[in-house]
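Chain lettering (A, B, C and D) follows the sequence in which the chains are written, and residue indices restart at 1 in each chain.
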């Protein structure tokens, strides 16, 4: 009985939703409300206004900088929540999975990871720095750095990994994304514009294009570093093993 | 035109190796023997498709990028295959043998 | 154009299949693996919709980082779902 | 002596990373090169602090120059042997007789052994399932696949410029 009721309810909901979808403007129609006001301006003037070749980056970091700042803050809060529940890792009392596993890490895998990690990190640096000209940017590059840290940690163990990326390096960098936005936003304020504007009327009427690009890159680097460190910290917090004792070496 | 044909041949050969690898994966009796088609036919298939793409694209920077992709693909897929096989061996997963095995493939 | 539509259809079907499998699998590890396949297909779809930025994010975060975090969580809890 | 070697390794890593950067950016413009040099140096320093060393000491310029030739020869081996495995898979009777064999290699150091075992894994019919010291455990699909191992070993030895020790056959 309950199931039938649920099924009926869901069907009714589906019909309603489909009806709404059917009455929406057709996808890709140039006369849509979305395609007549903001998008033409973004597409036509993004390059001259934000000085970024990649329009997506221009929209994310310049036109909608506040949105991105909110997202970055959400990520930071997520880390704070994870750390509030799980706590930081404690060095010396911890063991990674690899140390605990009955299968010790293979020499072959170790050698390969040693060889690959610099290239992965360089790729993510490229993704971050070239965010304004090619696909990619802070979020993507940060995720790739986080991925390389995950590879490193699963192969070499948490003990080794948290020794190489110590807490005192990670802790300040976790807020790098928010700090990057704050810094660039404040520079805009000091220059006489609004918060997070890349135009500084008090300093110069038309800002030199390369300076705007460098400000964008600064925000990207902040997002990348912050994202990477957040991911690494979450990983370390999750694979922490309290019961184990410190390894011999 | 000739370039397109050569590229197409390479891509088709690559797809063929993918199909053979998947067939092998389904036909082989146990984990270790399944590693063989899955790590290698797939690698060769992917490499062949990439060579096809390189031929199609002609001489440009993308060629070097594809070369790097092939290198990383070879390294990572070989290492993955080894890691899976090794952890299976370490966990004493029995492997299929021809002689002592039952006829229906449940290995010793 | 025809080929593109066919590819889109195949991708959507695969996406639905993996999504259903990920939800219904009793073995949570299998569910996680299927979920990472789902993320990879999603990345392909983003690329086909000409959103390479999103494709990169989906591939790195969805297929890479989240999978590892899920696997860690499963090893810390129980692997099988209980009735 | 060791410090000179370490320095050479770091420089080599720097140039490898710079090459990777140039391929990624697909341009030879000066500002890209400068940025690439800065980033490569940064990543190099990061790598040394993360891994404790730059590159495996066995990677030398000569080895790097031999890599393309090695790749081509390996590719030929891979193609040849892949066709062989394809035949086995498509054979309705599935004529396999798998076994795990031990193979004692004379290659020194982790990196040559890793390259050797990866080459084994890529050459169909054989998967390296364990590497302990100088003993490799290789899972062979058919007994005759084992016969290809010495040839591959010679190839890897050539890549790293290692000579086979004479009269040490079977010596632990």
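In this text, a residue touches a chain if its C-beta (ideal position, glycine included) is under 8 Å from a C-beta of that chain, and two chains touch if they have at least 3 such contacts.
These figures come from a predicted structure and were not determined experimentally.
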| item | value |
| --- | --- |
| Intersection of contact partners for subunit A and subunit B | D |
| Chain centre separation (subunit A, subunit C; CA means) in Å | 19 |
| Between subunit A and subunit D, centroid-to-centroid distance (C-alpha), Å | 34 |
| Whole-Å gap between the CA centroids of subunit B and subunit D | 17 |
| Centre-to-centre distance between subunit D and subunit C (centres being mean Cα positions), rounded to whole Å | 32 |
| Two or more partner chains touched - positions in subunit B | 75, 79, 82, 86, 90 |
| Per-residue multi-chain contacts in subunit C, two or more chains | none |
| Contacts with two or more other chains, residues of subunit D listed in rising order | 20, 24, 117-118, 128 |
| Interchain contacts, given as pairs of chains that touch | A-B, A-C, A-D, B-D |
| For the subunit C and subunit A complex, residues of the former touching the latter | 52-53, 55-57, 60-61, 64-65, 68-69, 72-73, 75-76 |
| In the complex, subunit B residues that touch subunit D | 17, 20, 23-24, 27-28, 32-33, 35-37, 39-41, 43-44, 47, 61-62, 64-65, 68, 71, 74-75, 77-79, 81-82, 85-86, 88-90, 95-98 |
| Residue ranges of subunit A in contact with subunit C within the complex | 56-57, 97, 127, 135-137, 139-140, 143-144, 146-147, 150, 154, 231, 234-235, 238-239 |
| Touch list for subunit A against partner subunit B, complex | 102-103, 106, 108-109, 112, 115-116, 119 |
| Contacting residues of subunit D [partner subunit A, same complex] | 13, 17, 20-21, 24-25, 35, 39-40, 42-44, 46-47, 49-51, 55-56, 110-111, 113-114, 117-118, 128, 131 |
